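There are two complexes below, and they share chain A, which is joined by chain B in the first and by chain C in the second.
Our next item is the complex of A and B:
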């Protein structure tokens, strides 16, 4: 039931890429978000290190985020990371166990950047990119 | 061979089962992680007059009997994050090797230092990046086809080298620009009939430029390989006049690889195009063109694909040839063939996929470089290869 409810939220709600206001980032482009979350270039526009955070792998919002961002399903994302992990290039985003943990990391760790349903955004976090349904 | 395969492969399987799931540090911060990949493959050809190999590191190839050897692999990798700047990676893999067994070998073992997101320096045992995607060839789960196109990647028996690489990444023109340089020594061998061509000590050096923008990725690369040793045919060299033998020696001489790659990856559509030019400063390995194009399109859990690859070489003109001897020797390294391959990948459950593929190879009867144990009376340059694999990561 919870999974079904989460799926509905994932499908119908805007997702926002969020970061702490103190990071000094106003907005990100789609390519910049892709670069950070797919491990191509993890640097914020102000030059600071970006630390991407994924939702739990079972959370439907995670699949929805990558579907909206790059049009890929979870198997394709796993295949992508298999290539990078096993050629020693980079590692996937840190994985949070819950939405609350993502929010906690975003609030406490410099450079942490994650994605949330738009209605879960709270101060002092700000949306720097939006993925509409 | 089968007994050795079972022993080595089962030992590594058991090791993986004991280790189980990736190990992570507390509070979700991975200090140490363990991952693996594998392929259980079955393949056969329709022609016993030459044996099809995945690449020139394989001692024997496919016949008309179904075989596990060609594509099966099991790998295990440990990553240790010392801090955000330093990381250590060790990877061992068991796959069919130049000695005809599955003895595991160290395929990666390096320390990396990334003082910023823009700069990464790695030192140790590193994967070969002569061609785009060449450093992940063993990880079948990471690509759609059963194996990388043999016409293109098959002539590369080098999986790794001991050395260092330096990568610099910068935003440029709305995209990402990456430059990488690497150098090191090969530690591998390539079987040649009953003999082994020991490439250990050969110097590899190269560089490439990447540009990534939206769904596009382009790469232009160049690498040079300077051999440390000659082919293991000293009796043949001794029988030739010295100036002729010198032209057919490879020690301290080089072969260069220049390659262009373009990938378009948008949603369910993936395309890859690669083209390479190989040039040698000796009379053995031939100057060659090779290329391939793959198109794939995901439909739910199925990703059908079709591709075309080709390779064509030409022997060097020797200044001091001995007709009937040097031309016969050089013919061992000739290559002129095309392959149409098609199949599908089925992602039937998380971290597992099944692939089925048919390769239709058409070449000249003289095209022999990419095969083992050719029967020259019967070999006509053409065969069909049927393959099915189970690929997984953990």
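Our next item is the complex of A and C:
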């Protein structure tokens, strides 16, 4: 039930990249979001470290997010990371077990940045980039 | 046989050319191949490297995107596994992620040489294809390529060298077999060939139809031509030798003398005939040179002249030359000289002595009378010309020319024959020669005519004296075969200069006129030339030419004198009489021109004309049914050939005249002339029915016996008898006798010259039936003649007998 509902949501709902308002970031560009999530620069515009958080690998929203962000399917994203993991220079984003956990980490961990369906956004999280369907 | 040095042989040349050519070709081909291969190898290498880069592109993209130097190094190491890669540099953004270089790479040939420019491949972000995140620089391993190229080149070189060497060998072999050997074979064949014996080359086997075969054929054709040319040449040589022998024989045996002299005039060659003609003794020949001019020429100067002419004109010259002989007459040679170059002259002489003698005698003959040995006419004319020239000078006197001609000499020839006549002429010549000085000229002009020219004798008395002497000398009888013959001579004399205006021929002509005059006067006379004589003759000539014109221009006309029948008192006919209507002199009576016309023969034409007109007139009368006859006079000269009977018949027939109406009047003279032909003419005419009248009866011989012999139709008593019958009893008796005699012979009579009524009465009384004369009418033109007819009864009214 839930999965089905999520997938429906995932297809129709806008996704937002959210960060704690205290991070002091107003908005991010698509490239900035890509750099952060795909391990290129893990820094916010203000120089603070950015810690990207992925949804659970099975969560449809994760696939939807990368699809909307870089046009890649999860296998491709996986292959990408497989190459980098080998050298150990960078790592894929931390994987949350659930949406709740993402929100938890966003609230609590400084520099944490994640993505949510737009309707799950709450205070003090703030959307810095939106991916419309 | 030629010694062939090996380095000039075709084989060697071919091989040399091939080696040089193939070396050049090989190097060129290898160079081109190498260059092409090299660039191809490089291109292929680059393509391979490109492909290599393609395989690592996505990994590179990740490495560069993530700036993962470890991944980049791994990637570079992977690329270096390929031997063609010398070095790999990977950049991400501005920083170098890794730089790897092959360590086992052979050093480049030149260590200084920079590396091959690297293959550069931009690396794009795996997530945004437009975002360049890095660069791979891949340096190709050029040394490797070059190494492989070198080995390839070596291989190709060896291969090419072997190929070319094989080709060269093959070509050399072919040349040897197909060209050199056949040529050698032909050459050997030619050395052993004797074309004149019929030897010919045979083409080497398998070369019958090749160029070699054609060459052999051509050589054989050439050999044929050569053999033919040689044959021809040999025949020509034989022919020439024969000709030379022949010419030599001619030279030796000919009757003509042939010689050659050099520029000094010395004889250098001559034939036996020349020796003989020139009486050269053979003994003198070798001793000393003989000059042509030194031979015994009568006129050496003339010979020298033609020698010079010959050399100067460079053409043939000829001349007759006399050669002196001891104790002999001169010999004449015709010499022809021809320059033969270099001052030499070839000469030909032949003996023309006989020819010369003949020529001389011919010259003499031309002016000499062979019978008497006197000058002939030509000789006389020449001499007269000389005399005229001489006496034409001022202060010279004059000379005279006497022509002597025997009267009736033809009688002598006829009676005694020509040979005896000639004897008399010879005798006469010697008598004449005795009459004159030997400085005077005597000539025989032909037949029995002689001419004597007396120098310095020009007075009439002196000449007459000589002339009489001549006549005297000719008077004594000439003895012919023992019997004496008497001859008379007539002499005609002309004197220069008084009797000649135009030189010698004029003088001779005048002498001839004088002679003719002497003869006319009966002969045995001496007659001096009289200018009046010349004048009369000139007039005669003029009249004759006028007569000719008159015939041409139709100036003659016929007049008609009526003839009346005294019994019936009617007009029966007319005598047609000719008149000349001269454009200046008016009507000329026949007596003024008929004698001349008879002499000159023009009477024939005039007579024919008269016949024609009379016939025309008769035809007209016939058409008008007028029964009259016409009589036409026929001259003695017209019979028999001037008016052939056939012409008469033809004319009458053409005009349709009855023969009985056209009478022909002839004179007694006709009957006298030539009995036979005249009699024939008369009988032919009369047989055809044309009446013949005897005109002027009684004036001539009037022999009544003629009347028996020649049948005539009428007599016309001459007017001289009729005129006086009234006054002269003897005339009257004569006329009466004639009429009576005629009647007894059955011949009609016409009385001419009837002038008055008394005549008519008397004639009637005598029984004369026809009359003609002025009592009736003069001769009338045809128009007046018609008018006359009606007057006859009136005229005759007073003549009836009392």
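Throughout what follows, the second predicted complex is superposed on the first by the 133 of 133 C-alpha atoms of A that agree within 3 Å, B and C clash if a C-alpha of one lies under 4 Å from a C-alpha of the other, contacts with A are read in each partner's own complex, and residues count from 1 in each chain.
Methods note: a contact is a pair of C-beta atoms (placed from the backbone, for glycine too) under 8 Å apart; a residue touches a chain by one contact, two chains touch by 3 or more.
If you're wondering where the values come from, they're calculated on a predicted model, not measured in any experiment.
Novice: In this superposition, which partner touches a larger number of chain A residues, chain B or chain C?
Specialist: Higher number of touched chain A residues: B.
Novice: Is A:73 touching anything from chain B or chain C once the two structures are fitted on A? First, second, both or neither.
Specialist: In the superposed model, A:73 contacts chain B only, not chain C.
Novice: Looking at the overlay, does A:107 come into contact with chain B only (first), chain C only (second), both, or neither?
Specialist: In the superposed model, A:107 contacts neither chain B nor chain C.
Novice: Contact-wise, after the overlay, does A:121 reach chain B, chain C, both or neither (first, second, both, neither)?
Specialist: Neither chain B nor chain C is touched by A:121.
Novice: Go through the superposed model and pick first if A:87 touches only chain B, second if only chain C, both, or neither.
Specialist: both
Novice: Show me the chain A residues, by the header's touch rule, that chain B contacts in one structure and chain C contacts in the other.
Specialist: Dual-contact residues (chain A): 31, 40, 70-72, 80, 83, 86-88.
Novice: Considering the complex alone, what residue numbers of chain C touch chain A?
Specialist: 59, 62-63, 65-71, 74, 126-128, 131
Novice: Can you check the complex and tell me which residues of chain A touch chain B?
Specialist: 31, 35, 40-43, 49-50, 70-76, 78-80, 82-83, 85-88, 91, 94-97, 101
Novice: Which chain B residues qualify as touching chain A in the complex?
Specialist: Per the stated touch rule, the residues are 28-30, 33, 35, 37, 75, 77, 79, 81, 84, 89, 91, 108, 110, 112, 116-118, 122, 126-127, 133, 135-136, 138-139, 141-143, 169, 171, 174-176, 212-214, 266-268, 298, 301, 347, 350-351, 353, 393.
Novice: Under the definition above, what is the set of chain A residues touching chain C in their complex?
Specialist: Of all residues in chain A, those touching chain C are 31, 34, 38-40, 69-72, 80, 83-84, 86-90.
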